[in-house]
Amino acid sequence: MFILVNLKAYPCDPIAVAEAAHEVAEESGVRIAVSPQASQISAVAETGVETWAQHVSPNQYGSFTGSTLAEAAAEAGAVGTLINHSENRLKLADIDSSVQAAERAGLETCVCGNNPRQIAAVAALGPDSVAVEPPELIGGDDSVATADPDIVEDAVAAAEGVDESVEVYCGAGISTGEDVIAAEELGAEGILLASGVAKADDPKEALEDLVSGL
Amino acid sequence: MFILVNLKAYPCDPIAVAEAAHEVAEESGVRIAVSPQASQISAVAETGVETWAQHVSPNQYGSFTGSTLAEAAAEAGAVGTLINHSENRLKLADIDSSVQAAERAGLETCVCGNNPRQIAAVAALGPDSVAVEPPELIGGDDSVATADPDIVEDAVAAAEGVDESVEVYCGAGISTGEDVIAAEELGAEGILLASGVAKADDPKEALEDLVSGL
Amino acid sequence: MFILVNLKAYPCDPIAVAEAAHEVAEESGVRIAVSPQASQISAVAETGVETWAQHVSPNQYGSFTGSTLAEAAAEAGAVGTLINHSENRLKLADIDSSVQAAERAGLETCVCGNNPRQIAAVAALGPDSVAVEPPELIGGDDSVATADPDIVEDAVAAAEGVDESVEVYCGAGISTGEDVIAAEELGAEGILLASGVAKADDPKEALEDLVSGL
Amino acid sequence: MFILVNLKAYPCDPIAVAEAAHEVAEESGVRIAVSPQASQISAVAETGVETWAQHVSPNQYGSFTGSTLAEAAAEAGAVGTLINHSENRLKLADIDSSVQAAERAGLETCVCGNNPRQIAAVAALGPDSVAVEPPELIGGDDSVATADPDIVEDAVAAAEGVDESVEVYCGAGISTGEDVIAAEELGAEGILLASGVAKADDPKEALEDLVSGL
């Protein structure tokens, strides 16, 4: 099980969360990564935690201003990247080029989608993993453990139908260790979460709860 | 074989092209449609030719200004629509919603993509057909008859691998009857073309050449 | 005072609203226009009512698929167009090009903005008019007659500071004749409204109320 | 005169350029800043050179993934930011919000535009400076010293007509010290350049030439 903590643009201390994630990963043996703002990638990576970008641009080296070049993210210390997060929806052609750009830069890729149809679509673009973000669960209090289980299972089936090598993550509805177990039982091989850790009073405690059942 | 003539934003007479297309379709028995600007859909449809929108928006009825509502296009006389043309690339989530919107409005859908990866992706969204627009052929003088045949064959295989019921059209590199035959032999069940007819001195003659080998 | 009825993507009968608007304009002498979906421009214009597009694209004639060509909108019967409505925000460079495109096509232009800063900005692009759409009033029940009067007055002053020839319309918070008078007293030379007429049980009655105090 | 070196997504060594810029600024007394990828802001700022972001997002703290938060750029060491560069055109409403976001974060702002109309528009949004990027000069071999002088002078007049406190920079057509002098004589108080320094075999020599006439 892979746990990816998205720091979004939260007013949290990225270093404190990164250190907590690093410690819990070491102590538990569970793979945990942290995804900060692009300008904080190097500081977060220096803590030793696995560091992901929140986005990379479809472009390669060249005359592009204000882009998030995959190679620059990698050089700053990122080893993976989210693409097409529900808060940063991209054109299909740009998702395709961003996956290619991330691969050229040696970044692992996780492409997000809203529903099983979109999950099948992004699985066809050759990413390492996909994350399903059901609108019913995004930003809400509902948990994947109590919501309609079809949501995750259908996404897993949809991705498998296109490319069996693509892992499926659960991209919403996770805030407790119980949710992580529920996601795992539905076939997810990883989870994305954000405020549950980034906004926690004690991020380390929140992470320890998340990995407690694994 | 289906021939879709995209009038784009060309300074042509949409009624003259529509009438020519209608006549050649009647005379040859080949299915031919014309895709004008949204504001010309009703005038084109009145000629009796099969009429397609160039795009529909992902939204349904509601507070959306400047959108191209699928239901309004259908009411004006359209029976199908292009989606995600290379000149109008959409976000993946919007392609998904636009296909759903078109289906609700009873419009046939053809979703475009640049390469076999993208063709597999859009085939997963459940359209009636997909059109491959290889960048090598878009707007160029190269013809699908002489270009690398893998371009179309790989797209056909990619779509079939995801959904066998989705037809594959050739979306670039077509200007003559010979090109149409070449596309058909590569597995395409339809073709998209634009300037070859819309900018022809004699659109009817151009269309007669296109269907001559079918 | 100019009254522009934006039909958005509402499930209304555009012809019925157009006929009502035409009648009330004739009877009252007040200038009233109707802005339908692009695909309904010709049908609306045939009623004799002044017809506006909801949006035009920045492009000119050429290889553009799914655009709303200003010239095509004009040919279908539009005499004006909204640009940059709050439901269709454009890049600054595209607002600039869309105003130029509309002028080439002989369309009157009304560019929208959220606040006095943006109103000053769009006034600098040379449109015929600008419409202020304060976020506080958009889609709400608040009326410009009862809201903070600074909202409209500051927009009028901002536009005047840049170009005195640009008219300022009130783009939100209008649903009754009383609101129209309030907007006029605040310096607006026109109003934009939508659901108040388009969704009214009796559009003609709603329009008669709007013009009753003029 | 202010010289801003935009590193774009060039495959250059940002630290080497930053150190060269810092040295030439110290030696010449001319204000020189370097604008790297977001992920390199902290490394560039550590050299001591004045550091600018290439872009900031319109959002504030919150649930935004893949954005370039102004506060995070400032925390990493940026003291200013470009907004709406010709390679990263933004919606008008987002330019407005990005200027506000940058100001909240204490970043100096330079908003770009293509022509005098757009320069007047962005000057109305309250930035510290604006940069005119005439399409005739962008990425070409033409120099502002030899091109039509009206291009820069009209932009200076347009900005002054809206807000006299806004400085005007020349955003294209600069590669030599002679060009810098020409821009200064046309009324520019700063210049933006990119490949002339970032791709130079010897960035320090290139910068020394640029400041040689000041």
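Residue numbering begins at 1 within each chain, and the chains themselves are lettered A, B, C and D in the order written.
Following the convention adopted for this analysis, a residue touches a chain if its C-beta (ideal position, glycine included) is under 8 Å from a C-beta of that chain, and two chains touch if they have at least 3 such contacts.
Being a predicted model, the structure only gives us computed values, none of them experimental.
On superposing C-alpha atoms, the copy chain C sits rotated by 180° relative to chain D, to the nearest 5.
Comparing the centres of all chains, each the average of its CA atoms, the largest separation from chain C belongs to A.
The two sequence copies chain A and chain B touch through a face in which the numbers common to both exceed half of the numbers used overall. Separating the centre of chain A from that of chain B, both taken as means of CA atoms, is a distance of 36 Å. Here the CA centre of chain A is 43 Å from the CA centre of chain C. Shown for chain C are the residues that touch two or more other chains, of which there are none.
The touch graph of these protein chains is a ring, one cycle where each chain has exactly two neighbours.
Partner chain D is touched in their complex by these residues of chain C: 84, 89-96, 113-115, 117-118, 120-126, 158, 161-162.
Touching chain A in their complex are the following residues of chain D: 6, 8-11, 37-43, 53-55, 57, 59-69, 71-73, 75-76, 78, 82, 85-88, 139, 194-195.
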